[in-house]
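Both complexes shown next keep chain A, but they swap its partner, so chain B is in the first and chain C is in the second.
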Partner chain A sequence: MQNTVPRLDILNETIRNVYYHVPIWFAMIFMLTVSFINSLRTLSSADLQHDTHACNAALTGIFFSIPGMLTGAFWAKFTWGTWWTFQDPKLNGVAVSLLIYMAYFILRSSVEDEIKKARISAVYNIFAYVMMMIFIMIMPRLTDSLHPGNGGNPAFGKYDLDNQMRTVFYPAVIGWVLFSWWIYRLINRISVLQKQLDE
Partner chain B sequence: MNKIKLVALLSLLTALAPLQAQTAAPAMADQFRADGKIYVVITVLALIFLALVVFLTIIERRVAKIEKHLHQGSDKK
Partner chain C sequence: MITALIRKEIRLEFRQKSTLGGVLIYITGTIFTSALCFAGKVDKPTWNALFWVITLFTSVTISGKSFLKETGGQSLFNYLHYPPSKFIIAKMLYNMVFMVTLSFITFIFYSFFISAEVGNPGLFLAVLVFASSGLAAVLSLMSAIAAKAGSGFALMSILSFPVAMPLILVSIKLSKLAMDGIEWAGVNPQYFIILIALNLLTATLAYLLFPYLWRG
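Coming up: the complex of A and B.
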């Protein structure tokens, strides 16, 4: 099997980073969605277990943003010519979203009462998720962005992703999403054990 | 006769082409841009791998902590 990628200026072989950099961000968005759903369930059922799941999913999601940012910065250095640019709305959006989620973890650690903590952090998490979606999915499409698929056009248009690349890209996305799910379940099991120990 | 001249010219040009390429491109001395920047992709892979190792180490430590607590608990009994 032979996999060829489009020959493009500036990008050159780094177009293959699409297989690694992008699915990692997909995994982050997937995990934050899991966190969001668990926060909704916390509010509707008042079950503290959902709150723990929401926190663990957010943790896994934010973990995935770290290699996402590092690989993005490295890729940018050799294509856009800079590690980080404030000209790109997606980069700014990611930076702000990360700060929002950092505040989520700080908020959690600052409330003593378990039930109150679950309620407050669930409400905060729902807002955080909506803000994250606005910052990284909507805002970059309203203005010009260095990221392909932004600036008016939907992502993965026919000009952005070659058909042969799709055969690698989509399985990679599924793989990373499942990988993030695996890590999330692992942390959940640790949380259960920790809770049993504390009692 | 013309053919020979043409072949001679072409071979001369192809022989000179690499020399010209060397002088034309402003050669920046960084390996990451070599071979169509493939090393950038390799670094990206390495970064992801490192991040996973770090995360696994964190999980490993948390499990170890729980195990330690469990052993202490069984000692007391």
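Coming up: the complex of A and C.
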């Protein structure tokens, strides 16, 4: 991490944030995908355990959005000059996906019956995940964005990341994704214990 | 069977006129209030924003009712008599047609009371058709979820607004172009492709997911 980094206009040393900001969002997307897959499994098997896993994965994903947003806000402050902007479709997308998962948790808390809750929230989760993916993956490519790789801005991957940065960036991605997986497993164990305590 | 279901929906709608009347009063009420506030003349971005807010809330009201109004006995009857896939298609088609009609009514009332020059009305109306049909498709499924969760209209709006956002955002972008009087040739076709794709995608998802709600 102490390597020299390419000196780019505006970015300067802040380019090191790419080791944190980008992998954290990868971890979030990964967790929300795990949640989506578990919701699919809930519908196909009617096993309540999958539903708990789906909920825990969503929780972990949303948890990762907090550092993702903080690192993004700091980066934006030093490069774009503002903490938050409504001009960028990716930022809007994140705000909307947070709203979606808040709605998902509210939906879960409003249904009493376990089986019913599992099925209804799985249906919502699948629908919401697809909508969220459209929002954060496809929409930014259609409109102007301040992010690299969108709206005519060059992506990091093309020529900004030099090989030295890659040796940090790729392990960082793997590390953050595994970190999210570890937290997810921990929460799963907590739910199992909680369930046993309740019984 | 789908046509029979749609006919049933229409007949129910006109028999209990509360929904239709309520929505029409809502539309005229909001438009009239805004007309009084703005003294009949606003700038284009405000006109556009207000229009979409009214349309969004209208569609939530309309589609929200579509499942929430069905009481226990009624939904049991439907469950026993109709296959879920046909039922949701009928609901969505009906809501789409109803919603497109209402959004046209809104557009006429709105431009009558609050004047603003829409530069390219054809484009605006085309956007309106796809946006309101897409909203109807999204909100039909959300209404089914809210009805199954058994917690009424508040949950309906919490669930719907975030998932309706992609659709609304593309529509706002396109309608802004229409307001500014951009000709058809100047419009990026990608926007329309996205709008139509969102319609198809939400309808397909609703079609695939609804049977799981139905069983509960």
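In this section, the second predicted complex is superposed on the first by the 190 of 199 C-alpha atoms of A that agree within 3 Å, B and C clash if a C-alpha of one lies under 4 Å from a C-alpha of the other, contacts with A are read in each partner's own complex, and residues count from 1 in each chain.
By definition in this document, a residue touches a chain if its C-beta (ideal position, glycine included) is under 8 Å from a C-beta of that chain, and two chains touch if they have at least 3 such contacts.
Please read all numbers here as calculations on a predicted model, not as lab measurements.
> Should chain B and chain C be called a clash or a fit once both complexes are overlaid on chain A?
fit
> One more residue to check, A:I62. First (chain B), second (chain C), both or neither?
In the superposed model, A:I62 contacts neither chain B nor chain C.
> Touch test for A:R119: chain B only (first), chain C only (second), both, or neither?
Touch partner of A:R119: chain C, not chain B.
> Output check: A:A54 vs chain B and chain C. Expected answer is one of first, second, both, neither. What do you get?
neither
> Which partner does A:L70 contact after superposing on A: first (chain B), second (chain C), both, neither?
first
> On the A-aligned overlay, A:L43 touches which partner chain: chain B = first, chain C = second, or both, or neither?
Touch status of A:L43: second partner only.
> May I ask you to decide whether A:I187 touches chain B, chain C, both, or neither, giving the answer as first, second, both or neither?
Once the two structures are laid over each other on A, A:I187 reaches chain B alone.
> Touching A:I106, do we find chain B (first), chain C (second), both, or neither?
second
> Please compute the chain B to chain A to chain C angle from C-alpha centroids in the superposed arrangement, rounded to the nearest 10 degrees.
It works out to roughly 130 degrees.
> Quick check on the superposed pair: does A:F127 touch chain B, chain C, both, or neither? Answer first, second, both or neither.
In the superposition, A:F127 touches chain C alone.
> Shortest C-alpha to C-alpha distance from chain B to chain C once the two structures are superposed, in angstrom?
Least C-alpha distance: 25 Å.
> Just to be sure I follow: which residues of chain A are touched by chain B in one complex and then by chain C in the other one?
The answer is that chain A has no such residue.
> Residue numbers of chain C touching chain A in their complex, please.
Chain C reaches chain A through residues 141, 145, 148-151, 155, 158-159, 161-163, 165-166, 169-170, 173, 188, 190-191, 194, 198, 201-202, 205-206, 209, 212-213, 215-216.
> In the complex, go through chain B and note every residue touching chain A.
Residues 32-33, 35-38, 40-41, 43-45, 47-48, 50-52, 55, 59, 62-63, 66, 69-70, 73 of chain B touch chain A in their complex.
> Using the touch definition up top, name the residues of chain A that touch chain B in the complex.
Against chain B, chain A makes touches at 11-14, 16-17, 20-21, 24, 63, 66-67, 70-71, 74-75, 78-79, 183, 186-187, 190, 193-194, 197.
> Within the complex, which stretch of chain A touches chain C?
That would be residues 43, 92, 96-97, 99-100, 102-103, 106-107, 110-111, 115-116, 119-120, 122-124, 126-128, 130-131, 134-135, 138-139, 142-143 of chain A.
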